[in-house]
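One chain, subunit A, appears in both complexes that follow, with subunit B as partner in the first and subunit C in the second.
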Partner chain A sequence: MTSADQSDHIVKAYDDEFSRLRKMFSQMSGLAESQLDGALRAVARRDEELAAAVRNKDQEIDDLETEIDALVVRMLALRQPVANDLRFIVAMLRMSADIERMGDYAKNIAKRVHALAQLPVSSSNPVTRSVSTLGRLVQAMLKDVFDACTDEDLKKAVAVWEADQEVDALYTSIFRELLTYMMEDPRFITAGTHLLFIAKNLERIGDHATNIAETLHYRVDGKRLGDSRPKDDDTSVMVVGGPEDGPPGAA
Partner chain B sequence: MTSADQSDHIVKAYDDEFSRLRKMFSQMSGLAESQLDGALRAVARRDEELAAAVRNKDQEIDDLETEIDALVVRMLALRQPVANDLRFIVAMLRMSADIERMGDYAKNIAKRVHALAQLPVSSSNPVTRSVSTLGRLVQAMLKDVFDACTDEDLKKAVAVWEADQEVDALYTSIFRELLTYMMEDPRFITAGTHLLFIAKNLERIGDHATNIAETLHYRVDGKRLGDSRPKDDDTSVMVVGGPEDGPPGAA
Partner chain C sequence: MAVTESETQAAAASPEPKPAKMRGRGVCVYYGDKQALFDVDIDVVEKQVTSLIGPSGCGKSTFLRCLNRMNDVIDTCSVTGSITLDTGDIYDKSVDVVQLRARVGMVFQKPNPFPKSIFENVAYGPRIHGLAKDKTDLDRIVESSLRRASIWEEVKDRLDQPGTGLSGGQQQRLCIARAIAVEPEVILMDEPCSALDPIATAKIEELIHELRENFTIAIVTHSMQQAARVSQKTAFFHLGNLIEYGETEELFTNPKHEKTQGYITGRFG
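Showing the complex of A and B:
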């Protein structure tokens, strides 16, 4: 980690900085998990108070990203790390940007609770339940990818990367389901749109978990995971209620 | 840029790397502009061939990001830059990630052309025209923010950062307009949903332009632009056709 001619003092400072970096990363990932959990519970219970708490707490994630950025730039400038250390530090920069985005999506999910609470759609509606299932899948991805980072577990990173396909498939089926409901009952359109964006936000959180898995893999193994799998869902080409589907409501 | 005891050879190599970095960044930003332009023209004309070309070309942006990343890590490891150079290099890393995301959103817009082409909504529909207006606003932001980067023009960067509020306001009005149309005519729901996501993608591209303006400002001036303005739109709390709005279709 350091050359023999550097003083113990510098080695110690360098080690301390690495510890701080690891600690901030683990705080940030823990916050992202609890924010997503809070947002999903707020949606399920139409709990506006919990939603407001999630919205307010997002700033803490943003602040941690700013702190990590500042520390990384400081370490690059003062310690001029190379090889493994450099890769680790650059990976932290990248991963913390992914976690910050996850936080934004969790906040955006929480924001939609207010609209949903006023609308005629119960949380026992089947499509709301599908959205909850999607939420649980994405929560599991988050837990696994952060565990993979802590343990440098590449097998787990690959599993997260593969799980993202399951998330995309479920998101695609929810998209179809929601459009069909909206066609059958126009009173459901506003709620359906908010649920669509909630599902899309969850799908995007899954993408960022996949990014983190890729960054970890590249850092530890030097090989890229990402090139073979397109990171987009199938809903952008979907026509529901068009000529392929027959009349609205028939699907 | 380098200490006096380094050989001319190293200075030259270092300068060359900076030139390459600038060149790749300008290629990448040029591509992002032309990809957005192509996607918007494909939507306006329901041109599936142009849309396919945009989808295929996105890989070039992704490849440039990978190349910039690799060069940055190489420069950090071999040149151990400090001060201005270090800030410039780290800013490149951050900005190229923003441009890569812009490319993804342009691709996603292009993907939706196929679905729109099959659906009963003409491009002269007022809401389609509002989406085009939003597209032109975001295109202007892109042009301005990349000009600001080239000229290190902080006044222009601040103007981009302020223009984002206009984009958010227009996006919010489009959201309301689209939901109202969907309620009035359920045959419009699928097309309306794709237009909603197109508008959302445009709004996100505007956010990334804002990020770049913030990164530029921080790099040149050392002060953060970003903390005072929340980077989210108002649609996440919007209820259309709910109690506030009267019955569906009345808005």
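Showing the complex of A and C:
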């Protein structure tokens, strides 16, 4: 049984609560997209003013999550939702938690702009270039997963779910690339470390986008996507260089 | 992934499916010319609670009453199709309706104790069915029935007082004690809580949960939350048709049929 929409209840006030949920969710997802966009632009241009704006705006996402949380608890207590209504409400709770985390990661990316100021601003810089490629990939995932939510488009949701593999693969290659640069030139270690964290944050945002895709699948179809999602991140066991390079920091 | 899913479902469905205690097949009920039930197939599973839900006039009570032939008392009512208890057809000519109703007991919407003492209310059934050897045995049956109906502690010091003097919730539990005193195999409940406050309702629901250990239960309820709370299987009726029947949890989280979803989520026009 798919869920068409949450209208047409005999009790109209119930419908109104669903529209409020939908509205807050689209505000929240819109904010998350623009926060990520702002953070990535601030990184690309080393724009500290824009970065500060992104950091301040995160509060709005947090506030919306709190509001969605309160409305969900209220609806569970007072309406005892079942079937597609229940799945929709529970999905809102989960998705808003995912978006809130995305917002935190965007904020964290923005925080690192200051530390990157020493790097020259140039789109041809190979180091920042792959990180911005990763950024664009994750941005596309966000847009697609939120579109999928609006249209209840499960095909699109599954595509997002699968696209995360690409993000993982790119993150892994960035990890390798940055480690190599840092070994070649210790002056790059500060910037390199911050770029690593930025890449990690982007990779995490991608994970939350896949969570949302999974939740959407449950919301619409009542069934979970399997646990078989292909993963391509093996940075946790990665070592670059051999013992002949000496212990880290020996130079 | 599709393979894994169907395998899981097959695995979940196949291991020791509980046997059906009562089985309705192609059940149609007519009140005169008017058909009230259309071709209903249901299994009432042994030692589980099956709840029947649906809007007023959907046929759920009619079906419940078929299960112990309560519809026999309505002259214009006729039943076709088959309903079996274990393997025997309960509409077979050889069936003694009184014996059938001892095996398939019933609790009604409005508590209806006899205008007799609490003791006599419970002792009546075992006495007419000859279940007690002597007075001591009868005392034992009455006490254990009242205990199993969770009302013993409240009435043990006033067994000689009229059952009608109890509160509504107590009367309903007395009626349940009366129903189980004859050791039925199936208990039918027709909206047993609709006249009770939430605390009395909770006590009955707790009792239903305990009775499931020993009895097969079918319950008609207007409260979907109650169906969700007490039953393992739920059947949704609409306009005399069985629309959907399945695991209660599944039906309330992911119903298969649009009509079921419309009804349980409060969208019925």
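Basically, the second predicted complex is superposed on the first by the 221 of 251 C-alpha atoms of A that agree within 3 Å, B and C clash if a C-alpha of one lies under 4 Å from a C-alpha of the other, contacts with A are read in each partner's own complex, and residues count from 1 in each chain.
Throughout what follows, contacts are C-beta pairs under 8 Å (C-beta built on N, C-alpha and C of every residue); 3 or more make two chains touch, one makes a residue touch a chain.
Predicted model only: the values in this text are computed from it and were never measured.
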| item | value |
| --- | --- |
| Which superposed partner A:115 touches (first subunit B, second subunit C, both, neither) | first |
| Partner chain(s) touched by A:152 [first = subunit B, second = subunit C, both, neither] | neither |
| Contacts of A:162 with subunit B and subunit C, given as first, second, both or neither | neither |
| Which superposed partner A:196 touches (first subunit B, second subunit C, both, neither) | first |
| Which of subunit B and subunit C A:83 touches, first, second, both or neither | both |
| Contacts of A:186 with subunit B and subunit C, given as first, second, both or neither | first |
| Partner chain in contact with A:16 - subunit B first, subunit C second, else both or neither | neither |
| Subunit B or subunit C, by number of subunit A residues touched | B |
| Shared subunit A surface residues [contacts with subunit B and with subunit C] | 80, 82-83, 86-87 |
| Sites on subunit B touched by subunit A in the complex | 72-73, 76-77, 80, 82-83, 86-87, 90, 93-94, 97, 104, 107-108, 111-112, 114-115, 118-119, 179, 182-183, 186-187, 189-190, 193-194, 196-197, 200, 231-232, 236-244, 248 |
| Contact set on subunit C toward subunit A in their complex | 1, 4-5, 224-225, 228, 252-258, 260-261, 264-268 |
| Subunit A to subunit C touching residues, read off their complex | 1, 8-11, 14, 80-87, 222-223, 226, 228 |
